[in-house]
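So, here's a batch of structures to check.
Consider the two complexes below, in which chain A is the common component and chain B and chain C are the respective partners.
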Partner chain A sequence: MRILNPFIAVLALIAVALVAAQVPGGQVLVGIILPYLAFALFLGGVVYRVLQWAKSPVPFRIPTTCGQANSLPWIKQNKIDCPSTKLGVIARMFLEVFLFRSLFRNTKAEMHDGPKLVYGSSKFLWLFAILFHYCFLVIVLRHMRLFMDPVPGFVSALEFGDGFLQIGAPVFYQTDAIFLGAIAFLFLRRVTLSNIRYISLPADYFPLFLIFGIAFTGILMRYFLRVDVVAIKQLTHGLATFSPAITGQIGSIFFIHVFLICALMIYFPFSKLMHMAGIFMSPTRNMINNSRMVRHINPWNDPNIKPHSYAGYEDEFREFMKEGGIPVEKE
Partner chain B sequence: MYGKGRIIPALILFLGVMTSPIWYNSGEVSKLPKPEKPKDYKECVAPTQFMRTSHMVLLNQWRDNILREDGARTGRTANGTEYVRSLQNGCLKCHSDRKKFCDTCHTYASVKPYCWDCHLQPKEAM
Partner chain C sequence: MAIIKADKLGVSVAKGPSLMTGAVPKKDWWDVPAIFKPGNYAYPAKKEIIEYHTQKTFPNHPGLFGQPRDWDPETDDWKLPDGWENIILNGLKERLDKFRSLKIFMDCCVRCGACADKCHFFLGTGDPKNMPVLRAELLRSVYRNDFTLGGKILGKMAGGRPMTFGVLKEWFMYYYQCTECRRCSVFCPYGIDTAEITMIGRELLHLVGVNINWIMEPAANSNRTGNHMGLQPHTFKDNIMYLCDDIEEITGIRVDPTFNRKGAEVLFITPSADVFAEPGIYTAMGYLLLFHHIGLDYTWSTYASEGGNFGLFTNNEMMKKLNGKMYAEAKRLGVKWILGGECGHMWRVLHQYMDTMNGPADFLQVPTSPITGTRFDNAASTKMVHISEFTADLIKHGKLKLDPKRNDHRIATYHDSCNPARAMGLLEEPRYVLKNVCNNFHEMPENTIRESTFCCGSGTGLNTDEIMELRMRAGLPRANAVKYVREKHAVNMLSCVCAIDRATLTSLMNYWNPDVEVCGVSELVGNALVMEGEKERETGLRFEPLAGMEG
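Right, the complex of A and B next:
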């Protein structure tokens, strides 16, 4: 059920979009009003979530240390995995955000006869995750041709590089195929590995199905059903210039595609997809491990409560301690 | 709120990048491409809507059919007019100016077909 329910939800979304594209006024609703609404919710939601996160204090240094901390001069420090400087944290965050370093360190535990517990490196999650994310980025940037006029050079360059194989007309984009393959892997990983399946929830499957639906309808639209791109650019570029208009014939497949994207944008701030902003906000990654060098004072400490040392404590209770037979340091 | 100095600029950057198409266009509605239609000919090989969405597929089919399957080099329109199934000798016969016809939409939609890597329009070849 945890797999079936999100799948049915995505199918329902497609059905709604299909109906909306046929009824009068539905195209305006799905093609113009909904995208504005979804985009505003996406931006507002992301900002709101980040501001909420920013309100939680992190009074102590809690970075995950994956290597030797800064110590005696003859002990070699792992400067990236246990950074004690700002530069180290920047390097760590860069590798994390751009190269998914913590996924690269993914290990799997296996029980062998003996019984023997064996840990091995498992790079497939990293590989397909990075393919997925970078293909998604390229695909989103490529779509800027529909929102910008004149089309900027980097978009044309991406299109050229992506269609480098020059297969067919309209030319085949490699990222489309890699993207679908990567989503398929990420889904099959959750289904086939029993321990991952055990911890997978509808909230894990739903974005996978939704993004698969978006990619699939996009591919259908480009290579198989085909639509009038000029009419579509008139609409999408109109959205970016606040003068959208639907003229000409645009196929239903376009409205399904747009509807699913709007669903993704609305869903985004409420879901685990917020890891897009969350990765920058993780104290376990973005903090300097310098608690042995710098004194970090809890920001909500009451300044009226003065530090109470043991010597002061003894001064205050010396008589009672002596009476009770508790040894004191100063007679 | 903690970390204001970094989080607020980062959020502003995020909003700026996400809405960049709006700034890039700065509200200017671009002109729709108006491909110049041939004056002497009234009828194309297929209906307009089909040509709008699928002309590239038709060209590929012609190529595969003629060069690989030894297909006919001419076809007939719905009204029975004979035409040559060819980009240079067919399409460009009526749509004689590539810049005023093909390129208008292709530039608008950032499509760079590699037809022109080999094919030339008659005037260019001169």
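Right, the complex of A and C next:
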């Protein structure tokens, strides 16, 4: 059910989009009104969530130190994994955000007879996560062609690089294939590894299916089911310039594609996909390990919590202390 | 409680049906109830202990520890207060507003599973809910149900669960099968730290009076007597004087520590277990010898006689309260700075919490070694230095006369304690000290040391005998790595810088690797120190014959 329900949900979304593309006014709804709404919800939702997080203070300085700290001058510090400066934190966050540093550490533990535990290197999750996210990024950036006129140089360059194999017409983008492959890997990993299957929720499968649906409809549209590219560009460019219009016969597949993207954007702020923003705000990663050097302030620190006083302690044990030759304040 | 033999448990761990050995539970995790039976839970706090805390420790914070009462986890009547569900939910809301970490850790997990096999409790038990991700989901499911839009609308479909007695039982079981070691957070792509989740989970449980005695009683002792063993001032002193007698017998040198002495340059604070229990006492003898060797002007305190902080395992209020004694005593005695002994979670509190909670320590000076002149700028604000930092600096400046041959009967390895490793970054200092005081040192495999170190399996107040099998399972990854170097290099001494380790690793080694002993790094320092005017040493600090002296 954990897998089937989200699958059905995505199929249902496709069905809704398919119907909407056929009924009068449906194309305007899916092609114009919904994108604006979804984009606003996406932006507003993400900003709202980030502000909600930011509202809570970070009471303590709790970086996870993954290397030698700044200590005596002759001891070599790991300035990135255990940063004592802002620059170190920036480097650590850069590696985390752009290269998935922590995931790269991944190992796989195996239990053998003995008992004997063996830890092997395990980089597949890192590799496919990297491929997934970077392909997604490239694909999103490539789509900027649809919203900008003239097409920026970096978009053209990206398209050229992505299609450098020069296979087929229109030119085949490797990211499309790698993207589908990475999604397939992430899905198969979830269903085949017993412990990952056990922890997976519908909320883990739903975005996978949804993104797969988006990629798949996009690929269908580009390579197999011909659509009116000029009309699409007119619509998308119109959306970007707040003068959208639907002209000609665009084709239902486009509206399914757009509908799924809108669904993803609306779903995004409410879901685990917020890890995109959260990674920047994780206190165990983005804090400087200088808690003994610089006092960190906790806004809700309660000054009324005081230790059991020395006076109270001495009152209770004074005679013992005197007998034991331990100095006391009051004789 | 009798515990099964190591060879049998070894077979059970490797072959018994568990998620670690490939057996997948038939039921979804939320349908698997937590069942308490002898051996799988630590005893609840005695009624009078909770009464003490509500009346004496926190008279002005009603409700912090629920209602004092006797209760039995094995029954279905935990005598919870009326409306306990709301107490939990309100407590959760309050903590979401207080901790950004909690909000982010609730929202960002993608259940990628990278943490799953990083937890020593999971590796040793194969229990799915010991995968850090599921341990967090126990709380996250309630969070989703009551604090997110998706959960409020879709409920179970969005992974939400209402707060029920069944959920509470899971919390009590699994937030006391986590030692807050932070190993999972090293591997998490978002740095989600299960220690934070467990700390919050335990705080919430306290609000409805669900707790364990092994934490609450030491916390009460620490509050009243200054140390978790409940040693009264004269006993605390007497214990140290006994150690001085032993030192005299072994070295011919009389060391002369002082107590509660005003005007000393340095206040020395270490876990009280070092003063009281084997093998910590040998570490304490190492400190005593070291300070005598360099002529340090220092004092012990009977009031602040506990480095460890059982509040860290309880809640923020208790942590702050117990920690407060350190600065209070430093101020009263008028010392210049504080030196801290070998302890794991003590140093988590000192490094990451103390200054924030009880600072600023503006009545102290930036710690400067009176022997070498080194200024410890890394402790410029907190004004507290770790004994390994202090000793490493002494060795580097050639201020210690050392004869590492005296540790030739030891083939040592080093266990990075979780907190100094992952909450402080203290990795090289103890190693530098070790390499200078003993000739035989071998590292355990790289996936089991430094930031990837495995917990002893009994930290955060779990080193109580009634859960011995759980502890031996959780400690298996550590024991296994020791076994590896024992077989490869004939290692016979597991050194560490943590008092809980010294207690728990001893049990763990007795169980899995019976011929490996456990010591603090400072014990090996004490063995190697050539004291001025000493007699010829025939034994180490345990009265064990030195190499070539077996006679």
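One rule holds in what follows: the second predicted complex is superposed on the first by the 299 of 331 C-alpha atoms of A that agree within 3 Å, B and C clash if a C-alpha of one lies under 4 Å from a C-alpha of the other, contacts with A are read in each partner's own complex, and residues count from 1 in each chain.
The rule is simple: a contact is a pair of C-beta atoms (placed from the backbone, for glycine too) under 8 Å apart; a residue touches a chain by one contact, two chains touch by 3 or more.
Nothing here was measured: the structure is a model prediction, and the numbers come from that model.
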| item | value |
| --- | --- |
| Touching partner for A:A54 - first (chain B), second (chain C), both, neither | both |
| First (chain B), second (chain C), both or neither touched by A:T241 | first |
| First (chain B), second (chain C), both or neither touched by A:K116 | second |
| Partner chain in contact with A:V46 - chain B first, chain C second, else both or neither | first |
| Superposed model, chain A: greater residue contact from chain B or chain C | C |
| Which of chain B and chain C A:F147 touches, first, second, both or neither | first |
| Touching partner for A:H275 - first (chain B), second (chain C), both, neither | second |
| First, second, both or neither for A:S156, with chain B first and chain C second | first |
| Common interface positions of chain A, toward chain B and toward chain C | 54-58, 281 |
| Contacting residues of chain B [partner chain A, same complex] | 1-4, 7, 10-11, 14-15, 18-19, 21-22, 24-25, 27-30, 32-33, 49, 52-54, 56-57, 59-60, 105, 107-114 |
| Partner chain B, residues of chain A touching it in the complex | 42-43, 46-47, 50-51, 54-58, 144-152, 155-156, 159-160, 166, 168-171, 226-231, 233-234, 237-238, 240-243, 249, 277, 280-281, 299 |
| Residues of chain A touching chain C in the complex | 2, 5, 49, 52-62, 64-72, 74-76, 78, 81-82, 84, 96, 100, 102-103, 105-109, 111-117, 119, 125, 129, 193-204, 270-272, 274-275, 278-279, 281-285, 289, 291-298, 300-302, 304-310, 313-314, 316-317, 320-321, 323-327 |
| Of chain C, residues touching chain A in the complex | 10-11, 13-15, 19-22, 24-25, 28-29, 56-57, 60, 96-105, 107-114, 116-118, 123, 126, 128, 131, 133-134, 137, 148-150, 157-159, 182, 185-193, 196, 223-226, 232-234, 237-238, 259-262, 302-303, 317, 320-325, 328-329, 332, 350-353, 355-357, 359-360, 374, 376-382, 384, 389, 392-393, 396, 421-429, 432, 445, 447-448, 450-452, 476-477, 480-481 |
